[in-house]
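The same chain A turns up in both complexes below, where it pairs with chain B and then with chain C.
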Partner chain A sequence: MFCEKAMELVRELHRAPEGQLPAFNEDGIRQVLEEMKALYEQNQSDVNDAKSGGRGDLIPTIKFRHCSLLRNRRCTVAYLYDRLLRIRALRWEYGSVLPSALRFHMSAEEMEWFNQYKKSLATYMRSLGGAEGLDITQDMKPPKSLYIEHFLPRWKCEQLIRQGVLEHVLS
Partner chain B sequence: MTEELDLAGPDSDAGSEEVVLTPAELIERLEQAWMNEKFAPELLESKPEIVECVMEQLDHMEENLKRAKKEDLKVSIHRMEMERIRYVLSSYLRCRLMKIEKFFPHVLEKEKTRPEGEPSSLSSEEFAFAKEYMAHTETYLKNVALKHMPPNLQKVDLLRAVPKPDLDSYVFLRVKERQENILVEPEADEQKDYVIDLEEGSQHLIRYRTIAPLVASGAVQLI
Partner chain C sequence: MSEAYFRVESGALGPEENFLSLDDILMSHEKLPVRTETPMPRLSTFFPEWGAGAGPDHALPQGSKLEFPLWLAKGLFDNKRRILSVELPKIYQEGWRTVFSADANVVNLHKMGPHFYGFGSQLLHFDSPENADISQSLLQTFIGRFRRIMDSSQNTYNEDISALVARLDEMERGLFQTGQKGLNNFQCWEKGQASQITPSNLVQNYKKRKFTDMED
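== the complex of A and B ==
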């Protein structure tokens, strides 16, 4: 049936848990594009027959092929876009340099997109003011310790304990 | 630190407003903007003045720390405060960037069609970032797939393909300024619309769309 390959691409990503990037299915994409070409050419010829040859009975088939073409496009774009979102997440997870295992799963164009994304992000962060801007890919978690454990002579802390700035932690 | 900061408000119809804030008030404003941004389904108005002033504040604190004596304790406390502020600022900006990327065609369209005088949801740097993101993504899709497709299928309308933010999602809020006669529109056909008053200090769970303007004006705080 039409769009089988396109559906397979979508299923492939659906199966991959968040954060994972399966290898780029170049072959799959190529097959979908080939199917689209074939469907389009069949439609071109049928449209001619329908118009000039009075073959009105061909119209349902033409419509059906058109729907398949739209579905193929939708699945392809969804596949490619979802992968971009996963790749984008990698920048935030791993930083500027990706582990080689992941790089092998990316197409050359995806790598290009990743490099462009990195650059845009870096430009944005630098623009945030100050000497070097602000690296917002750091500080992903709130500072953990509300209490800093210090061993200090009591006479130094007494004032601050009374002010409520410090708490005497017995551990 | 008792100095005050000049916080020049955005150019509005009433002319530019200058508000002088203490550092503590500035951080409070930052935290409010942060929480609103976290809980709002759409990208909120950009606050470049707050970002700029907080960055200045952080630089200032860094300077003070460098000059301070190695009094272990004071330095640690100040450093912790800096980390806390930096975390909130980073989180705020990250949240915004994520929404910009998620809704990029809509964010850019909104900016393109923004009436004059209405404040922008994008700072100029965010705008540049959004445009680049859109351009790179469009080019990528075109080169890898679309240009190899039949001629009548090569254009994809990203405004239709990429989902919009769900403004009907529910949010929690606390009322800061009393509001009267807020019209709540029905969700289903069987319901009717009704009017409510929002008492100061009260908390509500309500559809974002109903109170969106109140978030923008500061009358309510998302929690």
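== the complex of A and C ==
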């Protein structure tokens, strides 16, 4: 049966817990595209037989392969899209510099997408709140006060706490 | 859950699946019994039970009884049933519907599905004469089970939930999880931790993992 490799890609992503990004499965994508190429070529050939060779009985077979092509496409697009959703989340949770381990999990195109996203977000933030702009990736939870304990002002700490560098100790 | 990751949700309970939803793709991979209504040339190699002796053009014969995944059945089905006709899986037929109406809570819907409601809703596309009964059964089954799911998700804090979710289908597990999240957020607020900044869940989970794949 067709589309098994495509299902593997979807399952691999579905299994990854808590929005984590597994390594980009370049080999898997390549195999799905190869299957799509084979299906397409078989269908081209059968369409010719159907039209000029009077083989109208091939139409159900052509439909079968066409459904498989659509399915492969759906799985691939959903795989790529879901990965972008996870990569977008990285900007909000990690900040604009990703650990190298994560960068190795992304394809070159995904890295490019991340950089463009960062730029769009930065441009937007600069356009808010007057001359300095507004960092909307701060204050993700409504703060009770502007200070944390009395050691460091809140605005300096939030990013570092979210990245796991500092710990917020409540009295 | 990672706070900033918003996956595409399932649309299976509505009129149509969501194209980009991983859940819906998994759901539509499940199989149902079909019957071919016309021969399908050059395909029998994919169905080993029909194998090489299936006819001159490697045709899958008319009248073959097989199991197709939902996505394929949907794609080949039309209301004139020219290519295939579809049979209801047993759990949506009258026998099981009677069992559900007797006591919906005892059934292990995960074993029967695991996408019992989603798959059942999409089955309605095949214009079965039993569609009205199937939809009623799906609805009443859910109504029968919902109360227990809600209660257990709201009253189990920091405990092992595996026994509670074992017999729930995927949609019900999602509901249970949502309930647990609400409960945990409430507890956190009650303890005065709501304004405490915490390391993001995503970051914590990455730190716990060992990046052994980096060495490849």
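FYI, the second predicted complex is superposed on the first by the 143 of 171 C-alpha atoms of A that agree within 3 Å, B and C clash if a C-alpha of one lies under 4 Å from a C-alpha of the other, contacts with A are read in each partner's own complex, and residues count from 1 in each chain.
One rule holds in what follows: a residue touches a chain if its C-beta (ideal position, glycine included) is under 8 Å from a C-beta of that chain, and two chains touch if they have at least 3 such contacts.
Because the structure is a prediction, the values reported are computed rather than measured.
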Label the relationship between chain B and chain C on chain A in the superposed model as either fit or clash.
-> fit
Touching A:77, do we find chain B (first), chain C (second), both, or neither?
-> both
Compare chain B and chain C by how many residues of chain A each one touches, and report the one with more.
-> C
Identify the partner contact of A:89: answer first if only chain B is touched, second if only chain C is, both if each is, neither if none is.
-> second
Answer with first, second, both or neither: which of chain B and chain C does A:14 touch in the superposed model?
-> second
With the two complexes superposed on chain A, say which partner A:121 touches: chain B (first), chain C (second), both, or neither.
-> first
Is A:113 touching the first partner chain B, the second partner chain C, both, or neither of them?
-> first
May I ask you to decide whether A:61 touches chain B, chain C, both, or neither, giving the answer as first, second, both or neither?
-> second
Superposed, chain B and chain C have a smallest C-alpha gap in Å of 5
Note: overlapping chain A surface for chain B and chain C spans 70, 77, 81, 88, 140-143, 148, 157
Chain C residues touching chain A in their complex are 1-8, 19-23, 25-26, 29, 38-43, 46, 69, 71-72, 75-76, 82-83, 192-207, 209, 211, 213-214
Any idea which chain A residues touch chain B in the complex?
-> 29, 33, 36-37, 40, 69-70, 73, 76-77, 80-81, 84, 88, 107, 109-110, 112-113, 116-117, 120-121, 123-124, 127-131, 134-136, 138-143, 145, 148, 150, 152, 156-157, 160, 165-166
What does chain A use to touch chain C in their complex?
-> 1-2, 7, 10-11, 13-14, 17-20, 23, 42, 46, 55, 57-58, 60-61, 63-64, 66-68, 70-71, 74-75, 77-78, 81-82, 85-86, 88-94, 99, 101-102, 104, 140-144, 148, 157-158, 161-164, 167-168, 170
Using the touch definition up top, name the residues of chain B that touch chain A in the complex.
-> 51-52, 55-56, 58-59, 72-73, 76-77, 80, 83-84, 86-87, 89-91, 93-94, 97, 101, 125-126, 128-129, 132-133, 136-137, 140-141, 143-146, 148-150, 153, 156, 161
